[in-house]
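Each of the next two complexes has subunit A plus one other chain: subunit B in the first, subunit C in the second.
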Partner chain A sequence: MGVARFWRENRTRYNLIGNRCPTCEKAFFPPRELCPTCHRQSIGKMVEIQFSGKGKIYSYSDVHDAPTDFSDQRPYIMAIVELDEGPRITAQIVDAIDGVEIGMPVEMVFRKIREESPEGIIHYGYKFKPAL
Partner chain B sequence: MKAGIVTYGAYVPSFRIAAEEIADTWGENGPAISRGLNVKAKSVPAPDEDSITISVEASRNALRRRAIDASRIGSVFVGSESPPYAVKPSATVLAAAIGATPDMTAADLEFACKAGTAGMQAALGMVEAGMVDYGLVVGADTSQGRPGDPLEYTASAGGAAYILGADDPIATFNDIYSYTTDTPDFWRRDLQPYPSHGGRFTGSPAYFKHITATTTTVMERMGTSPEDYKYAIFHQPNGKFPLRIGKKLGFSPEQVETGLLVPFIGNTYSGSMMLGLTAVLDAASPGDRILAVSYGSGAGSDAFDITVTDSIEKMSEAPTTMQQVEGGRMISYGVYAKFRRKIRM
Partner chain C sequence: MTPFGELWDRSLRTLGIEAGLNAMVDAGITSEEVDALYVGNMSSGRFTNQEHISAVIADHTGLSARNLPAIRVEAGEASGAVAFRDAYLSVASEVYDIVVVGGAEKMTDVSDAMAHEIFATSVDQQWEVFLGATVPSLYAMMARRHMHEYGTTKEQLASVAVNAHKNGSKNPNAQFKNQISVEAAAKAGMVASPLGMLDCAPISDGAAALVLAPLDIAKRMTDHPVVIAGSGVATDTISLHHRESLTTMRSTSVAADLAYRRSGMTPEHVDIAEVHDNFTISGIMAVEDLGFVEKGQGGPAFESGKFDIEGDLPVNTSGGLKAQGQPLGAIGIAQVVEVTRQLRGDAGDRQVDSPQVGLTQCVGGTGGTSVVHVMKVI
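Let's turn to the complex of A and B:
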């Protein structure tokens, strides 16, 4: 992904900002142009929301066969996190000293997502850790 | 207008390496070194942490304690000697990550271990001049010591964030005084991964001289003596220096120990005194008087004479400093070397 594309999404990715359909109340992350259920009724009416960053683990897997960029973190945990507000998002779980389990409460943390190279830009964004 | 600390937050990474593990690697006497430095372990950042992520986590903890409107933060300063970019401010990433952009000013500051406290002085001036409603200041580092160097036992990671303002502060400043000289006790040249230092020279003419100057001057100007302070925090390059300077200036170990975190997490550099102060504020009650003194090589010291207000009891829950200092996962020297990219691949 290029610098410009990442940069455009910084605000939503740094702060977990999505939106909500005012008709059916469903929340989305990343934000959507229109609600897939209410279609036309939602055009121009989607309301921006900032998620609390709290949620629980819906499913997860331990990644042992990591891409080269991530070999220093191997093994790590990738999970589908169900946010308290509803949406399910894929994210890395960090600082899980005692492991994770389905249903475990987690909270958003701010981490490095990827470095393009030693000379390149550093991308930051959300990951999750077990809630205190 | 009387400005002060409106809220504060701490962040300490969760990995630790024991001083004895480092000593074993280099064939040194672990128990003797650990005792000599009064450092049991130090914090280690995860591979996906840097001084920017630490700044964001500390600042978000400050906002958890008090939900101020981030768009009213008019200045963001980050003090660090380990910014991930040589050119590109950390402060702009932080400002975006807490929702303070774009009606604000921002800058990164550098002064070895006291860049953050210099930022507090700058932000306080801006608040008192009416230039900004709130000023956010962070001291954060992921400092590195050369493998095998004595600094490797202490160079650690962590940070603290303070939001200063005139609106219902939880602590106010009675006096602030700085003492600054050109002293070459510790430095790192451009493009060098590890710092150099003047060995024993770092003690008497540097740390002890500058902290003595600021502490005695503040007490002279305030007409106070050590007994007037419930807590004292002196910059913490190791676990021995703060207790030694405290004793020399008339402070008891009890006054110093609440804010003394270096035995458990090492020296967080720009985070050092600022993180010690968060641990003290976690424990403090209205009316408590605190003396907080930073030191930065190169060299300078900033002393803050602080009184806690009744508003400290109105704060919401956030992870306390000791909750983060205690616990953590011990790692081996090998994992530490991998995390800190000491192994070339």
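Let's turn to the complex of A and C:
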């Protein structure tokens, strides 16, 4: 797969950048071209924001059967995290020695996501760890 | 339809052709009477390196000798169901009279790991799969929330698979004909917690097809035509994390509402249903979102036997995706084939006592698309 397909999203994925609808104030990650509720009123007016990276676990799963690119990491925890600013996001949970549970506070960390063996590309981005 | 399973000796085209010809023979029609072909297929390009599968199947079923239109439809795992709906619309709107609609997928020409990778192209590649999510892990997160919000248990999840295998054991076309116990299903090795191996439907090859026609023509073909009384299709966010609730599939409840309203029926009218049990949690959420039980009551209802073949409302008499098999593009068509057989009284050992109304529900991705059809005898 071409490299551009991945670096195109790097800024969003490295910095947790989304946007907010100026009309209804709803925040989105990843950024959306328009607010699905306010439609036209929001086109061209969405305001970029950077999320704090703090949130809570909304749901999670321990992944035992992993895709090839992730097989060296298994078993690993995938979660849907609800960010303090509202949006939910799918991410891996790391450094959770005692496991995780619904409602557990977490914070974003910048980590290696995976390596693609044939091209040797290493992808980075957000993961979350239990908040101190 | 063809048998479902790991069919090493059959290719995608032989499966598609076999199902198409079987349907035409069953309807007693020849290729001269057909006006168009619709094919549901999710990913023939990645599974077999062959796109344009509509023309391949039209060619080898003899339809392209008359240069008939052939249309392929893709909507993830709901490809077959959306193809069925589009074929239905083409007949209902009087564009065509007799239409053959089929679905096919050949999943075992690639490795198991590759098959799961291709499977996951129906969910959000960029914001779910790229970060390590698998399809089972996304459904596992629905299951985790369902357990958290409604107290659903591992044993209740297992009872969905137990029912599927019990019915599959009576279906000659089923991939799995073995019965399983609740204990075995609840204790099977983990795939993505809380879902274990027996909570997941298999990788399968297979194809299914049907013939659609206006009622007056259908009545000439058979003494037992089945009527499409209502049809609904709906979408939702492609990423699971963007849904307000993980325990309701809104695309299913919206599609069901459309199909019920169009048919003038309610969930109480439904005698049998084929639902998209790609995972056990999906079966539980489906019976809730279709209005068969209150939200949160799906687990206890499966456990109580309500959805068994001898129960109030038999669900997945075919064995469902779990036991009959899961050839992606063929799923939605196979569901309609089963409901048609049941309504015609042709379901053999698994025949339910004279059902009048049947329902099918098919899902793409984690609910990015859902399709619901209500069918009845006349």
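The rule is simple: the second predicted complex is superposed on the first by the 129 of 132 C-alpha atoms of A that agree within 3 Å, B and C clash if a C-alpha of one lies under 4 Å from a C-alpha of the other, contacts with A are read in each partner's own complex, and residues count from 1 in each chain.
FYI, a residue touches a chain if its C-beta (ideal position, glycine included) is under 8 Å from a C-beta of that chain, and two chains touch if they have at least 3 such contacts.
Everything numeric in this text was worked out from a predicted model, so none of it was measured.
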Looking at the overlay on subunit A, is there a clash between subunit B and subunit C, or do the two fit? fit
Kindly classify A:109 by the partners it touches after superposition: subunit B alone (first), subunit C alone (second), both, or neither? first
Looking at the overlay, does A:41 come into contact with subunit B only (first), subunit C only (second), both, or neither? neither
Touch check for A:64: first (subunit B), second (subunit C), both, or neither? second
Applying the document's definition of touch, where does A:10 land relative to subunit B and subunit C: first, second, both, or neither? first
Counting touched residues of subunit A, say whether subunit B or subunit C comes out ahead. C
Could you tell me if A:73 is touching subunit B, subunit C, both of them or neither one (first, second, both, neither)? both
Now for A:97: first (subunit B), second (subunit C), both, or neither, which partner does it touch? first
Can you report the vertex angle at subunit A, computed from the C-alpha centres of the three chains with subunit B and subunit C as the arms, to the nearest 10 degrees? 140
Touch check for A:52: first (subunit B), second (subunit C), both, or neither? neither
What does the superposition give for the shortest Cα distance from subunit B to subunit C, in Å? 12
Where on subunit A do subunit B and subunit C both make contact? 73, 92, 113
Where on subunit A is subunit B touching in the complex? 10-11, 14-15, 50, 72-73, 92, 94-95, 97, 109-113, 122, 124, 127, 132
Within their complex, subunit A touches subunit C through residues 6, 9, 30, 58-68, 70, 73, 75-76, 78-80, 87-92, 102, 113-114, 123, 125-126
List the residues on subunit C that touch subunit A in their complex, please. 113, 116-117, 120, 126-134, 136-138, 140-142, 144-145, 148, 189-195, 239-242, 246
If we count contacts the way the header does, which residues on subunit B are in touch with subunit A in the complex? 14, 46-50, 52-53, 56-57, 60, 84-85, 93, 96-97, 99, 319, 323, 327-329, 338-339, 341
